[in-house]
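Right after this note come the structures.
You will see chain A twice below: alongside chain B first, and alongside chain C after that.
So, the complex of A and B:
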């Protein structure tokens, strides 16, 4: 194992410990809600990262997979009494399968055309669900209240079980990405991102690997859909397929820094609390100041640090190192 | 640059620490509305209704409304009501989070508001989970009260009751004009709301002995409705009931005029009430009946409506809108329950809500009063108004005891 690997692994473990201990500070229901949103969007950001950050396919239609996942588990649970946990698994598999089918034509699109295609996909699937009577059409589905507990995947007294479930999902995703980054697959993804044609010329089966990236990303996103459905106990097309979900997912990943493991987690850890807290403190004024502050953060980031928080951290790290070296060199000269 | 970002972060972190200490003898209730986002103007409008209601409860006003002449809640030593507003952004997750936040952090003892049915679904779920009463006076989806919630109460009549009222009005007109009306057509936009209206019309038409001669759905925001209108014309209905949002209402009105569809009674819902409807169709909108739960005209039979509107106008510089009027009712229902419960314990308030019996005279809405069904918690005395467009204005014509002017029957030939 190389030094870098060990450092990254140590960082992951540290993250896990911080994540596990966080609820000691977050005792109120609202702070727990913020934590839940942080882990949810961290997972969603990571899923986006696989597809866009690593394999170079920028998607602004993740809500299609998200909503689909939410609907699969909710329909199974409302109509057939299937456990939401099994439903979550089915949601992951179903969205991955759907994404593979959709991915066949989509993987031929490149760059901005792919992004536009995903926007269209998100909107189309929303219209389908708005008119599909069997799944409740525009009314959506209410998941009936049940006794709380892990069996029903409903927790009423405290939100912490939701948080830990989300955290587990996040750690699994991070572990997957850690392995992926070091495997042949990770390198193939990056090769496709940097130059598809060259990668293909060097023998990378680009269609297959693009499909894998899309399917994995969609599968994880679908499972997150189930998570939010169980969290709010309500699915509706306007809610689950909302375009703002797609945008927030991309935002979180880009804000934190895409193309590396830790970026989306950082992005979510900063953006979600800002979004929730500004709303809580300033939202009731109805003036939109909260959204302006939130927007200002994003604009500042885009203008001054397009590489995201990770880029910022790297730059600071590099400048500290350079300073130290300079001091070291100066000391040598003095002696 | 980094310093600016740091400063912004600090402002955000430190801002909430400067919280105001709560005064004694204050009862906090929560109100959640879409204060930002696409529905922000409506949310702000609803907010004014709640603010005015609380003003009247807390202050001393010479009005024929409960709690107007006294300051605060009499049974609790004149305790004042304070409203904590939450911003749903029109999003179900945020609606849920905000409701939870104001319940757990601000310790509100009851919640009102919501406006959008989809957001109320999750917001009321949050209140149900945390066992705090939620009194709704502004969202009409029937699905909301079908869930059998214990802590959720609705004052406004749902779509089903409003649809039923349409046929009751036709019955009343039939009796008064001594005519026999049988043939009813229902025209509906195929989203949740329109589908529900059609369902209820079918149900009540059977009950009241009408024949549905045409049952025509169409796609929301249609671009051409000629075939639908031709079908309608072929059925030759005496009554047309149309559930539409504003753009479809305009298109259908114009197409019906072009194809000379000539019923005796034309009834519109929702979209026909939008200010831009009459602006666009002008004289062609004349003599349409439109459902509502508030009309300034009610003042001729309910003087308090005019007085409230005067106070409202002084405060906000415009007439009270139907949305503000809807939101105005819930705080009174909550105050009434707290007053009778003589307690701010949510469970006591819930029990008092179940025994609510407010007379129609204590409201600015056309309801016969407020009394909740023991199972669904819908207001069994809820009732909608029907307005008729006369000389470019919406005039209250039904129920007859609230009518400001007589209705015009039959629907005249298109000009």
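So, the complex of A and C:
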């Protein structure tokens, strides 16, 4: 193991410990809800990151995969009594398969055409589910209450078990991304992001790697869909396929800083509490002021911190280093 | 029947065309995909509504005024926000207008409530018969108005010095700057013009359409699809794409079912863009 690896592993462990310590301060149901949302959107942001931050395919339609995952596990659970955990696995595999099929024609599209294509995908699949009687059409499905516990993936007394489940999902995703970033695949993704024609010229099979990125991203997003379905215990097209889910996922990742591992986690840790708190304090009657502040926040961030929090941290770090070097140089001259 | 539907689609397409033209103009000049375009249409509809309620200016007659207001507003938004983001990374440029959209839609909801409103006394009302086809007068007036504004913008881009400079920027930004074109100033004008298009469309729509905070979202999305369909940066392409979409929406809504009409638009987009990855009339780099 190199020093870098040890440091990063230590960071991951420290991160897990911090994550496990949060519930000590989060004693109310509402603060636990915020924690759940933070881990959920951190995972979703990381999944987006694989596709957009690394492989350069900006998606604004992640809700398509998210909702599909939610529906797969819920239908299995409601109609066939399949365990939600197995359902989650099925949701991941089914969304990944769906994404591969959709990705085949989509991988031809670039930049904005791809981004708008994903918006279109999100809207289309929502309409399909709104009119599909077998899955409850616009009313959706209720997941029947069961005894709480890990077996049923339902927890009624406290939201904390959801949080730990989400945290485990996040740590798994982070570990996966850590390995991915250091593997050939990670470099291929970045090469495709920077210039796919050149990457292809150098022998990267761009269609195959684009499909892998889309499938992995969709699979993780689909599993998150199951997670939210079990958390809220109902699925409904307007809720699960909502365009704002797609937008929030992209925002979380970009706000934190896309194209690196830690960015989306930071982004979610800051944006989700802001979003939930403003909603709780100001938006009690659906007045819209909560989202108004949220929108203003995004605009300000794009104007003042376009590289995201990670970019900001790097800049501050660089300026401190430069200052220290300057001081060192001055001391050398003085002596 | 099909004639009736096609006419309806054409009328709808003209308004989509005007909205799309503004979007296309903004994209062509500064490379920003304006996801807030629908929100600006909504703001214009409210402006038109207040003008008719408090000042007594009919939405149709007030169109130039609303367009002018939105032009000024566009310059302000450009100076305060868009111009600063232009130098930033791709993702910031892509997301800033999302932020604007969320902000304005919810501002409308906060300030003016989510209630549906409607302009009560509009001068264009009634139905006329054109051969076998029924045409609702407000829609006809709005479409003709859209075509007039679109024509004016087209004339401005092709015949005036400022317009030619704007076109030069969309063809090659750095070469245009080297020829002495003031990019900042023209970007601001182009953004203002883009919003003026949205404004005019909003005012014309206000004469017969319900007004509520989320009303612009679908117009914005449809315009986005129309512009992508036509090819980013091609103004004519946007107009053609928009009319195509208007017809798909009306025919699809009738033959397949109204709940599927937007899904059909998006399906058409995906199919066309897969066949032609740069849209019908797009060219150049993305």
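Criterion: the second predicted complex is superposed on the first by the 323 of 335 C-alpha atoms of A that agree within 3 Å, B and C clash if a C-alpha of one lies under 4 Å from a C-alpha of the other, contacts with A are read in each partner's own complex, and residues count from 1 in each chain.
Operating definition for what follows: contacts are C-beta pairs under 8 Å (C-beta built on N, C-alpha and C of every residue); 3 or more make two chains touch, one makes a residue touch a chain.
Everything quoted here is computed from the prediction, not taken from an experiment.
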Checklist entry - Is A:121 in contact with chain B, with chain C, with both, or with neither (first, second, both, neither)? => result second
Next on the checklist: Just checking: does A:228 make contact with chain B only, chain C only, both, or neither of them? Give me first, second, both or neither.
Outcome noted: first
Checklist entry - Now for A:291: first (chain B), second (chain C), both, or neither, which partner does it touch? => result both
Item to check | Touching partner for A:140 - first (chain B), second (chain C), both, neither | outcome: first
Item to check | chain B versus chain C as contact partner of A:278, first or second or both or neither | outcome: first
Next on the checklist: Touch test for A:131: chain B only (first), chain C only (second), both, or neither?
Outcome noted: both
Checklist entry - After lining up the shared chain so the two structures overlap, which partner does A:33 touch, if you call chain B first and chain C second: first, second, both or neither? => result first
Checklist entry - Which holds for A:149: it touches chain B only (first), chain C only (second), both, or neither? => result neither
Checklist entry - Is A:201 touching the first partner chain B, the second partner chain C, both, or neither of them? => result neither
Item to check | Contacts on chain A seen with chain B and repeated with chain C across the two complexes | outcome: 130-131, 286, 288, 290-291, 296-297
Checklist entry - Considering the complex alone, what residue numbers of chain A touch chain B? => result 28-30, 33, 130-131, 137-140, 142, 144-145, 156, 228, 231-234, 236, 238-239, 242, 244, 274, 276-281, 283-286, 288, 290-291, 293, 296-297, 300, 304
Checklist entry - What part of chain C is in contact with chain A in the complex they form? => result 33, 81, 84-85, 88-89, 91-96, 98-110, 114, 213, 221, 224-225, 228, 232, 257, 259-260, 262-263, 266-267, 269-270, 273-274, 277-279, 286
Item to check | Complex contacts: residues of chain B adjacent to chain A | outcome: 1, 4-5, 8, 12, 15-16, 35-36, 40, 43-44, 47, 84-87, 89, 91-94, 96-98, 100-101, 104-105, 118, 121-122, 125, 128-130, 141, 143, 147, 190-193, 195
Next on the checklist: List the residues on chain A that touch chain C in their complex, please.
Outcome noted: 52, 58, 105-106, 108-113, 115-117, 119-121, 123-124, 127-128, 130-131, 247, 250-251, 254, 258, 286-292, 294-299, 301-303, 306-307
